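Per-chain numbering from 1; labels A, B, C, D, E and F assigned in written order.
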Amino acid sequence: MSMTPSNQRIVSKLKRSSIVSLIKKGLRVDGRKLDEYREITVIPNYISKAEGSAYAKIGGTLVIAGLKVGVGTPYPDMPNSGVITVNAEFVPFASPTFEPGPPDENAIELARVIDRSIRELHVIDLEKLAVVPGEKVYILWLDIYVFDHDGNLLDTSMLAAITTLLSARIPKAVVKENGRIVELDKEVREPLPIMNKVVTVSVGKVNDKFIVDPNIDEEQVLDCRLAVSLSEDGKIAGMQKMGSGTFTTEEVIEAVKLAKKASKTLFSKINEALKKIEEQ
Amino acid sequence: MRYEKIKLVDENGLRIDGRKPDQLRPVKMEVSVLKNADGSAYVEQGNTRVLAAVYGPREVHPKHLTLPDRAILRTRYHMVPYSTDERKSPAPTRREIELSKVIREALESVIFVELYPRTTIDVFIEVIQADAGTRTAGLMAASLALADAGIPMKDLIAAVAIGKVDGTLVLDINQVEDEYGEADMPIAMMPSLGEIVLLQLNGVLSEEEFYEALKLAQKGIAQLYEFEKQALMKKYVEVKVEEV
Amino acid sequence: MSMTPSNQRIVSKLKRSSIVSLIKKGLRVDGRKLDEYREITVIPNYISKAEGSAYAKIGGTLVIAGLKVGVGTPYPDMPNSGVITVNAEFVPFASPTFEPGPPDENAIELARVIDRSIRELHVIDLEKLAVVPGEKVYILWLDIYVFDHDGNLLDTSMLAAITTLLSARIPKAVVKENGRIVELDKEVREPLPIMNKVVTVSVGKVNDKFIVDPNIDEEQVLDCRLAVSLSEDGKIAGMQKMGSGTFTTEEVIEAVKLAKKASKTLFSKINEALKKIEEQ
Amino acid sequence: MRYEKIKLVDENGLRIDGRKPDQLRPVKMEVSVLKNADGSAYVEQGNTRVLAAVYGPREVHPKHLTLPDRAILRTRYHMVPYSTDERKSPAPTRREIELSKVIREALESVIFVELYPRTTIDVFIEVIQADAGTRTAGLMAASLALADAGIPMKDLIAAVAIGKVDGTLVLDINQVEDEYGEADMPIAMMPSLGEIVLLQLNGVLSEEEFYEALKLAQKGIAQLYEFEKQALMKKYVEVKVEEV
Amino acid sequence: MSMTPSNQRIVSKLKRSSIVSLIKKGLRVDGRKLDEYREITVIPNYISKAEGSAYAKIGGTLVIAGLKVGVGTPYPDMPNSGVITVNAEFVPFASPTFEPGPPDENAIELARVIDRSIRELHVIDLEKLAVVPGEKVYILWLDIYVFDHDGNLLDTSMLAAITTLLSARIPKAVVKENGRIVELDKEVREPLPIMNKVVTVSVGKVNDKFIVDPNIDEEQVLDCRLAVSLSEDGKIAGMQKMGSGTFTTEEVIEAVKLAKKASKTLFSKINEALKKIEEQ
Amino acid sequence: MRYEKIKLVDENGLRIDGRKPDQLRPVKMEVSVLKNADGSAYVEQGNTRVLAAVYGPREVHPKHLTLPDRAILRTRYHMVPYSTDERKSPAPTRREIELSKVIREALESVIFVELYPRTTIDVFIEVIQADAGTRTAGLMAASLALADAGIPMKDLIAAVAIGKVDGTLVLDINQVEDEYGEADMPIAMMPSLGEIVLLQLNGVLSEEEFYEALKLAQKGIAQLYEFEKQALMKKYVEVKVEEV
């Protein structure tokens, strides 16, 4: 059962009205432009035990994603495809408003938005991840942990997720005994079969203005948000209205255009980070 | 998810169930279908069938969950185990948890929640037969049930899912189109206010296709809105939607 | 842990005493006789996605049951028998007194009483539901959903359950590759191997009087209830005392006789409904 | 559930464990067997062995679970994992949840709950060895433990399970008779008041067989009631039940 | 999440100070010496349905442990070893401070301390419990139930656990059909392949004094506890500091020496009990 | 648990990673690494990497969990799924539940809890990379985070795991030594007070070995304590620990 949250972070009325009136003038509390991201840090291969991983920071928001790989049975309706599972956890570690326990609706929504964008844009060629078609396939677990919540968890999490996939080196599956047994050889590693890149840009609406990358205080004054997933060539690869306000059709179109523009920042950060590790 | 090619739009531009791309499925709507609930409704769109029940405004336990200046909303979107091709476990899936959330947020933008501080309004949606478009049918049922319960709202919600199948944008997708198509975009609006209360896109669209999809959706939503109003007046309406 | 419920529906003292004094005189608040059911509606094949289904309404109580069929492994102690699982859910949709979450003791008790009656009377010949004996058998899930609670959930649920089984058309299991793989052919359908029919009649005790089919207000004044499952030829196929009052031996005997008499109404409703669909 | 024919009643009318159809298994009963509980008891019937502990009347948290005019009852019937042939998971099964409920309802008709408003009386039954008749043995242990705790009751509960095996009605069934027999009918009474507090039937009986079973049960219950009263007086009783 | 408990049993200040001042003088409330156990009762084979079992009582604390045996798949990293699982339950039956539900941190800690001692000291030769190496092995479930809590649950539970293992008679595994099917023959029984015996002695610290086998009142005044598992030949086979106080290094050494001395009582009780059943 | 012989100490007495038996792994420590938490720290010991966050003293809901005369502590030790060789389920394992408890008890002996009655102090430890010694690294991170949050403590906690590998006692074991060795003994102290706040032994030691292990631990703890103090002063310290 989804319930109106009652444990929201409280922002003082004074702060709220200062945020709103600044945005009205095209300004932000932290000096940014409306379409500007905060400082972005991306570190691929951050966790050596993981088959892929990334540290992503946007402003004060810190997310570390990691990929673990196994071999298992495919889904009956997709016998020739690898399986990827995206899981996100909002641990109480990261924010006074996060509760202990299994992922709540917010963490589940975030994971599913990321999962859908990755899946629908065919970021990974899952058919190349069949080991013994119909019987044994790669199983990928992409775990996204939020460690510090300073607003815009979704864009930061997608940044960590996609960088994890792009930089992963997975162990080679070795088939033994007529395909009955498959083992992973951790000494031989290959990149994932990547076909596309994707980022998500969350556009917030404050009255009739739109901002990207809301920080945690700004999130409290948003009417609502439109999260737009975009491919590097500008296709829309997923969308999710979040929050209880509304958009007109015209506003949605404006938000999409803004997201597309802002997505370039994210792609260039990813590409920079990947280049750096390739050079190593 | 698409392991086999199926032709979804034929040479005449007709869909697998014979509809034109911009044609809705037949619709049935009925309000006040239950005894216990304060408001209730039944909505059928093609083979998708949904029941909604509303309880409230009523007290919440424990009290600390309430809000001093408004009603809270509690929403459950649920598919019964026999509603789907393969039996669905009765426990809420991650999908159902997500949909309950986006449906709650959609309803919160419609209800005058500030009229009922320290209470809860509970909206339950049970999908008894699933053939795509269950969240949009569910939102319409919920909005009718809320109206039936006499809860003040800015407008009704009308909602439909747009699909992209064989490269064509289509209105009100069915399950085969959802499974084998390229995109599914559910959208819900307050039609008379022109406000979007729910919008999701599962799939890939170009910017132009997206704008096209928005237009197509509005067309279907306008029709569905009329049926809703009729259902509220007559308590029951059944329409085989002809090409319009 | 079972706990005395504290969230019971409240019936005013005035209403209570009027219900009780009417029953004393052999009358009911809704004009029925003591041994009379409320209006009964039974619609088989109500859900087209299910392999079997039924809509059952007694008074204002609405239950929809559905059957889904799969193929799986038999229980080790019953290697040559199909498996049937009965599950009942009392969703908060149906009543202000129902709580969200997994089935509580009341829903579990109801499902188990129905399950036992179906099983013990051999309503289905489960041995005919073995596909590859010892290895692959039909798995039947019978899910019972209460959508409106106006009293007497058990009789209504059993009505929905038995009509579901009697009208089901299950897909044919096709054995491939030397019995290793079994698939269901949804194009070829057959009825279940039915051996018997069963209904449940709940008899309520109010002081020294007995009533059938208590409505939701009457349920609040019952001393206790005896649920009696009966075959069409009058055998007792299960029994469950429900509620915290008591019966003498003589009262139990009187309740059983009343149940047997009232069961005929239920069987005739089922038979009518089945006849109607056969004629189609 | 009965995959093999086993002869349960021999040519002399004797049962698989040598008993006559109307003969109880040997019984042991003991009260005050625990230190912490306010009341406790141990009951053994053949190979079925059960412990019961009672705490209360005591406070309940959270308070809103209490009732203003009576004590609530909380009851847990539980089988330990090593009590059965195959290991039972320690988590409560659906069977245990159902039995906890019918046992609670049986106890509620016996205890003067109105004497202790706003409190709880907690009754715990642990089956340490299961050989059929565990709910009836458990109810007797619970009733002895309640008496040991000094909680006022209308009567003790005596209880037994009747079976139908090879067409014969038998008193106090054991596990083999339960598994391969045709019916299992547990019944619990307040013997001196002639009131039935628990009655279930798992299996098929004709009307006449049912009346016969009721009579047979009363005979066993009368005997068990005597043993219970002795156990309360002596704190311990052990009886090899001879044919009567 | 572990949380400071707020439902602790309350001991009056008077009782507390009397316990403490007695211990200061080398005395105990129940007349024991500081290094003395309460009365100990051990009964092997207490539950006939279990493959092994024991009733263990120390003072008023009653624990019954039982062993059930099955056949299953080994862990991938231990393909040639049987599997043993130790589970402990603190049911509300046993104490007013125990809550219903799955094992809490105290029950889990107790089970894990026992499990580790049994495993690390190689009490059972698990390699002898492989049936078809790499494929089928014995699965042992050792379930420990506390039925009356009068202090020192750990030593009592270990006593029940080790006696259960030492006296168990497990059914012989019979391999059929080229190793594909393994059945247990309950008619042919063998003891477990025992290599060592272990007991656990919990030493409590009260100011600068140490006591063994604290009863439930004494437990409330302990600064903290050191649980020491010991083999019969005096090796330390596990250790766990329990409770929130501290020890100096010297105190730890003193506690270990005391535990070693006291362990002899426990071993002699076990050996007596085993001798008695062998003589039968 | 040790299915294969691996040589853990070579002919020169060096360990598998080149260390001497009494040598720590390289250490990094940093405090104030997070924005939201009231105090935070990062600790790295070899390939083991741990984050800790402290919130509080703050209010507890529900109130009845508080204590009138002291703060309660809530502690969660958790390994993220990608921290280990095989993916670990995100749900708390029995191991994590036990470690959360012993870590809470260790912290309770260090914090002046009586200064903050009716509040909670919440300590969260996330192991992001596991290579043995995670609970001891976690305790150091927690103690640094508590200091960073300004919560009064009797002393910092310094902690290390002693191992026995190929018969030799070694300081600060790594994962290979833990898996193939004979014993793992984590120990945590308030170094300046000489008080042990956590002590566990997983494995078998003779009495003499145990005393030896205690001494070896104290040596490592003294070094780690210095690094901790430096980290608190400089906010960051990184040390490749040379043989000492």
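The working rule: a contact is a pair of C-beta atoms (placed from the backbone, for glycine too) under 8 Å apart; a residue touches a chain by one contact, two chains touch by 3 or more.
This structure is a prediction, so every number in the text was calculated from the model and none was measured.
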What's the chain with its C-alpha centre farthest out from chain B? E
Go through A-F and A-B and name the pair with more C-beta contacts between its chains. A-B
Matching D-E in over half of the residue-numbered contact pairs, the equivalent interface among A-F, E-F or A-B is A-F
Note: chain D sits from chain C at a C-alpha centroid distance in Å of 27
Report the inter-centroid distance (CA atoms only) between chain C and chain E in whole Å. 47
Centroid from C-alpha atoms only, then distance chain B to chain D, rounded to Å. What do you get? 52
For chain B versus chain C, what separation do you get between their C-alpha means, in angstrom? 31
Send over the residues of chain E in touch with two or more other chains. 1, 92, 100
Among chain B residues, those touching two or more other chains are 64, 76
If you look only at chain D, which of its residues touch chain E in the complex? 34-37, 47, 49, 51, 53, 55, 58, 76, 78, 80-87, 90-91, 122, 124, 126, 128-131
Over in the complex, which chain E residues touch chain F? Could you list them? 1-4, 6, 77-78, 80-81, 105-106, 108-109, 111-112, 116, 119-121, 224, 226, 231, 234-249, 252-253, 256-257, 260
Within their complex, chain B touches chain A through residues 1, 3, 64-67, 72-76, 94-95, 97-98, 100-106, 108-109, 113, 183, 185, 190, 193-207, 210-211, 214, 218
Using the touch definition from the top, list the residues of chain E that touch chain D in their complex. 47-50, 53, 60, 62, 64-68, 70, 87, 89, 91-96, 100, 102, 141, 143, 145, 147-150
